Amino acid sequence: MIVRDRLPLKRIWPQAWRRLLILLFFDCTVAVIYTVFKHHWISLNGLPVAPLASALTIFLAFRTNAAYGRWWEARSLWGQLVNYSRALARQFLTMLDDELEPKDRIPLSKQLVLHQIAFPHVLRCHLRKQTPFSEIQSILGKDIADEMRRYKNVPAALLVRMGGLLKQARNEGMLDSFRWAAIDENLTVLANIQGACERIKNTPLPRQFDYLPRILVDAFCWLLPLALVQDLGLMTPIASTLISFTFIAADLMSREISNPFDNTIHDTPMTALSRTIELNLREEMGDEGLPREFRKQLAELQPVDGFVF
Amino acid sequence: MIVRDRLPLKRIWPQAWRRLLILLFFDCTVAVIYTVFKHHWISLNGLPVAPLASALTIFLAFRTNAAYGRWWEARSLWGQLVNYSRALARQFLTMLDDELEPKDRIPLSKQLVLHQIAFPHVLRCHLRKQTPFSEIQSILGKDIADEMRRYKNVPAALLVRMGGLLKQARNEGMLDSFRWAAIDENLTVLANIQGACERIKNTPLPRQFDYLPRILVDAFCWLLPLALVQDLGLMTPIASTLISFTFIAADLMSREISNPFDNTIHDTPMTALSRTIELNLREEMGDEGLPREFRKQLAELQPVDGFVF
Amino acid sequence: MIVRDRLPLKRIWPQAWRRLLILLFFDCTVAVIYTVFKHHWISLNGLPVAPLASALTIFLAFRTNAAYGRWWEARSLWGQLVNYSRALARQFLTMLDDELEPKDRIPLSKQLVLHQIAFPHVLRCHLRKQTPFSEIQSILGKDIADEMRRYKNVPAALLVRMGGLLKQARNEGMLDSFRWAAIDENLTVLANIQGACERIKNTPLPRQFDYLPRILVDAFCWLLPLALVQDLGLMTPIASTLISFTFIAADLMSREISNPFDNTIHDTPMTALSRTIELNLREEMGDEGLPREFRKQLAELQPVDGFVF
Amino acid sequence: MIVRDRLPLKRIWPQAWRRLLILLFFDCTVAVIYTVFKHHWISLNGLPVAPLASALTIFLAFRTNAAYGRWWEARSLWGQLVNYSRALARQFLTMLDDELEPKDRIPLSKQLVLHQIAFPHVLRCHLRKQTPFSEIQSILGKDIADEMRRYKNVPAALLVRMGGLLKQARNEGMLDSFRWAAIDENLTVLANIQGACERIKNTPLPRQFDYLPRILVDAFCWLLPLALVQDLGLMTPIASTLISFTFIAADLMSREISNPFDNTIHDTPMTALSRTIELNLREEMGDEGLPREFRKQLAELQPVDGFVF
Amino acid sequence: MIVRDRLPLKRIWPQAWRRLLILLFFDCTVAVIYTVFKHHWISLNGLPVAPLASALTIFLAFRTNAAYGRWWEARSLWGQLVNYSRALARQFLTMLDDELEPKDRIPLSKQLVLHQIAFPHVLRCHLRKQTPFSEIQSILGKDIADEMRRYKNVPAALLVRMGGLLKQARNEGMLDSFRWAAIDENLTVLANIQGACERIKNTPLPRQFDYLPRILVDAFCWLLPLALVQDLGLMTPIASTLISFTFIAADLMSREISNPFDNTIHDTPMTALSRTIELNLREEMGDEGLPREFRKQLAELQPVDGFVF
């Protein structure tokens, strides 16, 4: 996610520059052919530029809307993940009757919070198609990491593991049926968040929405100088490039944000968010001695060069 | 669902080509009649093309919006089906007290997960008006498949069967009232998903929304060359075909995606999703020996020629 | 609800024809006065047609949006009614401990399902301002029909009756507090559906939204030929009628679907849906001998002449 | 709320007339100065009317959308109040074990329903900044009315009182913890409805949304005749007034409905709705002898002169 | 939040003035160069102003929509905070069995309400990046304020503290599992509200949405006089400034409201709302002797100079 207020245009739309330069060259050629070499047949003066432009605008606006809806839904899902991670941690820490806890193991409530800390990291790796096992190992230990290697859908397997821990808590009398169900409901919310992220990841906008505007923007940009050259003469390139830039930028803008889990600079900042969750939950858990490495990682939460990942 | 990034236009809009060719022929005729044979009365120069075009655009944009809403809702419903299938499987596997399970039958929790695996397949067949019985037989056995043959609404009957299994679990003491109700709530969610899919399937967009734009686009495309020919002369066909293409494509685009359960290439990929659910649930259940045929089916989940079904 | 794909335009917009014919006549008169009798003062050539048309379009698009929202909400509410009827029937049939049921009466679970079958019929009659008592009598018997005659809001009274049956079930030990509350929650959902339908029925779109576009469309259609006649001459009626048709049709289209409970051909198909619910619930209940008359009614579910009610 | 289909324009937009008359006078002056006195410098022929008009239209459409969202949310909230009042009444009447009720007082269930009847009246007065105490006295008696006088936020205090009655019911053994919580959840819904109404009441649309369109509409209307006069001459006032009317009406339309709790004719019909709730709940409660005065009040529910309050 | 109806334009858009003055100066220069010095090459008469303007308008409208969505969501979240604070206070005051309360401490129910009073203040400070400790101290005492100093995310820590108090209440027998879970569910709602506020605070609109319109508005405003000067001559500055003002104001308008937690005059009035909650809750709690200072603070709830913070 871009957070810096002013970025060099070049960084934002590298793809746009090439197209604009080619168009600028074409615009100049047309202007010169018309005004210098007097080839007037090149002019398409009666071309209905206004209705074409407004049709284009409205399709682009529609697509921007749909793309923004996806982008904002992705961000909201990760926001919900923050909230429910905190809420589940609160429930794990207060709802389990820990006086029954045997002394010789990590308390179940703490184990559950650690699983909850691991879940966002694992979901992030799952969505970015990376392996989550080193993350799991550093939080939950080598045994669980190895166990998880057997599964294709690791976040779902982690939720089943948490369900198993809750069952154990109940069998040991630390949880009655009622509180169990109240907590389990929130695990279902986590499953929902995961599924919704996968839906956004796996279902692009209908391909036609991507295809048609690209073709039309191109056609429009190439016809534009022909339509303007009779009125504007040598000024054609200025007007034509400005208008082309508007439409190309609008086209790119909505294309970029429509896939918020694609490892681009327009992504939902999943790394930052899963670290934030880790920080919050370790704080709630009272994890005093945050190791040094962890502090280092937190420093990386700061935007680097105007971007957060 | 189309997933390939670049598809030949011909595959996407076969219906559009014929209309465009006829229009192109008409455009050329008009241009020739006007410029070569000098029949100037054919020109409709003062025709207010801009307001007509903007009216058309806005109606098409509105319909695209509504159609996209239906398409995305359909996809989201199946996404939810994925989530709740996983959540229910987790509940079946952790919430039933399986120490009471008699040795000589398939454990109830496993039976329930198998029913849950069958449900998306059955719902898919129900929406595509296919018979689900071979799917049921391969997952739940011949007896249950035969029992299901009696019902018209098979997915609803399957949910009642699952309710019956839960009741049995409770009568055998494997489930208390409280957990029963917590699981039953999620069955209600499945009923909601089924009903919402049926609603989208059975309620097309208001027929007028389909009808009026088609008529207007046609009228507009036929009038367009008459309005442009005086200014553009022999260039008319280029401009006219481009603009006609914009509107015809926009018309088709929103029509195609408005019925996401109609066995077309624009469908929600229900086959792929119900297979994904099967894979996830068998994994959660710890179904080690996935049979060979199943692996073959999973291979079919890969997009074929740019499409997923 | 209209389901046929192609309907004669005449059936769809009977009101539109008269207005269009009058306008056509006016258009021709203007064209003749201008071109034949040379009364050039009749022309309003500088009239800014484009901004007026785009203002009109946008207001119509806004209203279409709001009207479609109401239409789709109405349909979704009845879709929810289908889902929750099935879910409640499942709960009645599986959650009541029927081993305690006395032999000499209709089992409570079956009574409750019958009430649930009656509810959509009663709600439909309530919304269409028809008397529901013959429907109630054929499903629940004469006694209950007579009892219901005392109430003004019959669907609400039916829900209170169902609440009473649940209380009886609990007093007889067939239901514990917990399951009672779980079922009662779904009765609250039914109350919500009823209330939302009443809201749509009783609250039309703000009257100004109805009023202003009608006036403006009329004014626009009458001024249009005056604005076009100088450029188009005797061709005026063609262009003018086409554009007028666009706006009149768009105006009617959104007006028609804005009241989905008004006994018109644009209604939510409540009769078909309440019959579907009856069929589904009798199937779930295992009602083997569906009487002959009922089969006949089901046949009526088929679209007649392209319409479903 | 306006319910009559056709209202004299004068009643709907009294504020619009004065502005329109002043504009008409200005339009005529401009037309006369230009055509009769030949002061041609007054004409602003090149003014880009179309883009200005479309910018205005789109801002107005956006604001209409936002205002309609508020209006419809307000109406939906009161619709929900109807539903939850019925649902709570059903719960009070069926869920309390009334066999434990002492003979010498009004049964708790009935007291609770009466409180529920009072709540919408009190909320209505709260939103309209009127005193609710006479309403409370006629429903709940003088003692409770006096007790309520101590509070600033009377509806919230009423909900606390209802919470207290439920606690009493539980202490007397008429309600177990579980049903208590199920009912209390619906009290939270009432608190939500109240809060959402207060939010709409206290948070107007951002002041800029109100301010900017008003200024721009005015500027546009005053510049319009100057832009049109060269083309239209003495016909200017007709065209100019029609277009000005469109924009002024659209401006007023969205302004009016944006504040649905302001005691205007565009209000949510809270009086009618709270009486409807009273009628429904007294019916559910079996309140046979509705007093004469109450019947009279009900008669007032009918629209008076096309308005419901 | 601005509440006064009419504010001097200068206060609303101080940033706009400078830009407008510079543009006015440029407009005049162009007009003079063209009409007085006859440098006709400066004119860009054929520039397609209309499509550019409509493209701009639609992008601005889209952004206004998204920004308004954020603004209204922020306000709704704080509205929900009001509702759930009242609901939780009602639950704390009625659901705890206070007969078991030891005499020698502040009753737990009261402690919980005080925590609930503190939560909105703390959340406000958290969002505005201020220190909340003086607020906590004045409500909950010095000890708790000091304890809170250890946490980075103070609102989340406060919720964990409230969870701890509920656990204590249960351990002392004042709360059964069931009511505990019912209350805890509402604490999860508070966590959700906090997280959603943080999401809005930390995720600005995609930077491109901010960037592209600003560039385009600027380009448009500078080209506009060149396009108009041939038609309008010395009148150019009037028309050009009016149109520039429209676009600059629309640009600023949506920018301002898109960040509702940024300590500007366009903020959600969090100070007023957290004081309102305090007042309501102290009233519900029956806190008779509201200290003098508190009354003073309440007086500050009144809008100052047309603004509420």
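In this document, chain identifiers A, B, C, D and E correspond to the written order of the chains, with residue numbering beginning at 1 in each.
What we mean here is this: a contact is a pair of C-beta atoms (placed from the backbone, for glycine too) under 8 Å apart; a residue touches a chain by one contact, two chains touch by 3 or more.
Quick caveat, the model's predicted, so the values are computed rather than measured.
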Give the chains in contact with both chain B and chain E, ordered by label. A
If you fit chain B onto chain D using the CA atoms, what's the rotation angle, as a multiple of 5 degrees? 145
Distance between chain A and chain C based on Cα centroids, please, to the nearest Å. 39
Whole-Å distance, C-alpha centre of chain A to that of chain E, is 24
Going by the touch rule set out above, which residues of chain E reach two or more other chains? 50, 52, 54, 58, 61, 178
If each chain is a dot and touching chains are joined, what shape do you get: line, ring, star, complete or other? ring
In which sequence are the chains arranged about the ring, given a start at chain A and a first step to chain E? A, E, D, C, B
Complex contacts: residues of chain A adjacent to chain B: 44-48, 50-52, 54-56, 58-59, 61-62, 65-66, 151-153, 156-157, 159-160, 163-164, 166-167, 177-178, 180-181, 184-185, 187-188, 191-192, 194-196, 198-199, 203-204, 206-212, 216, 219, 223
Residue numbers of chain A touching chain E in their complex, please. 1-7, 12, 49-50, 52-54, 57-58, 61, 64-65, 68, 71-72, 75-76, 79-80, 82-84, 86-87, 90-91, 93-95, 176, 178-179, 182, 186, 228, 230-232, 235, 238-239, 242-243, 246-247, 249-250, 253, 256-257, 266, 279-280, 283-284
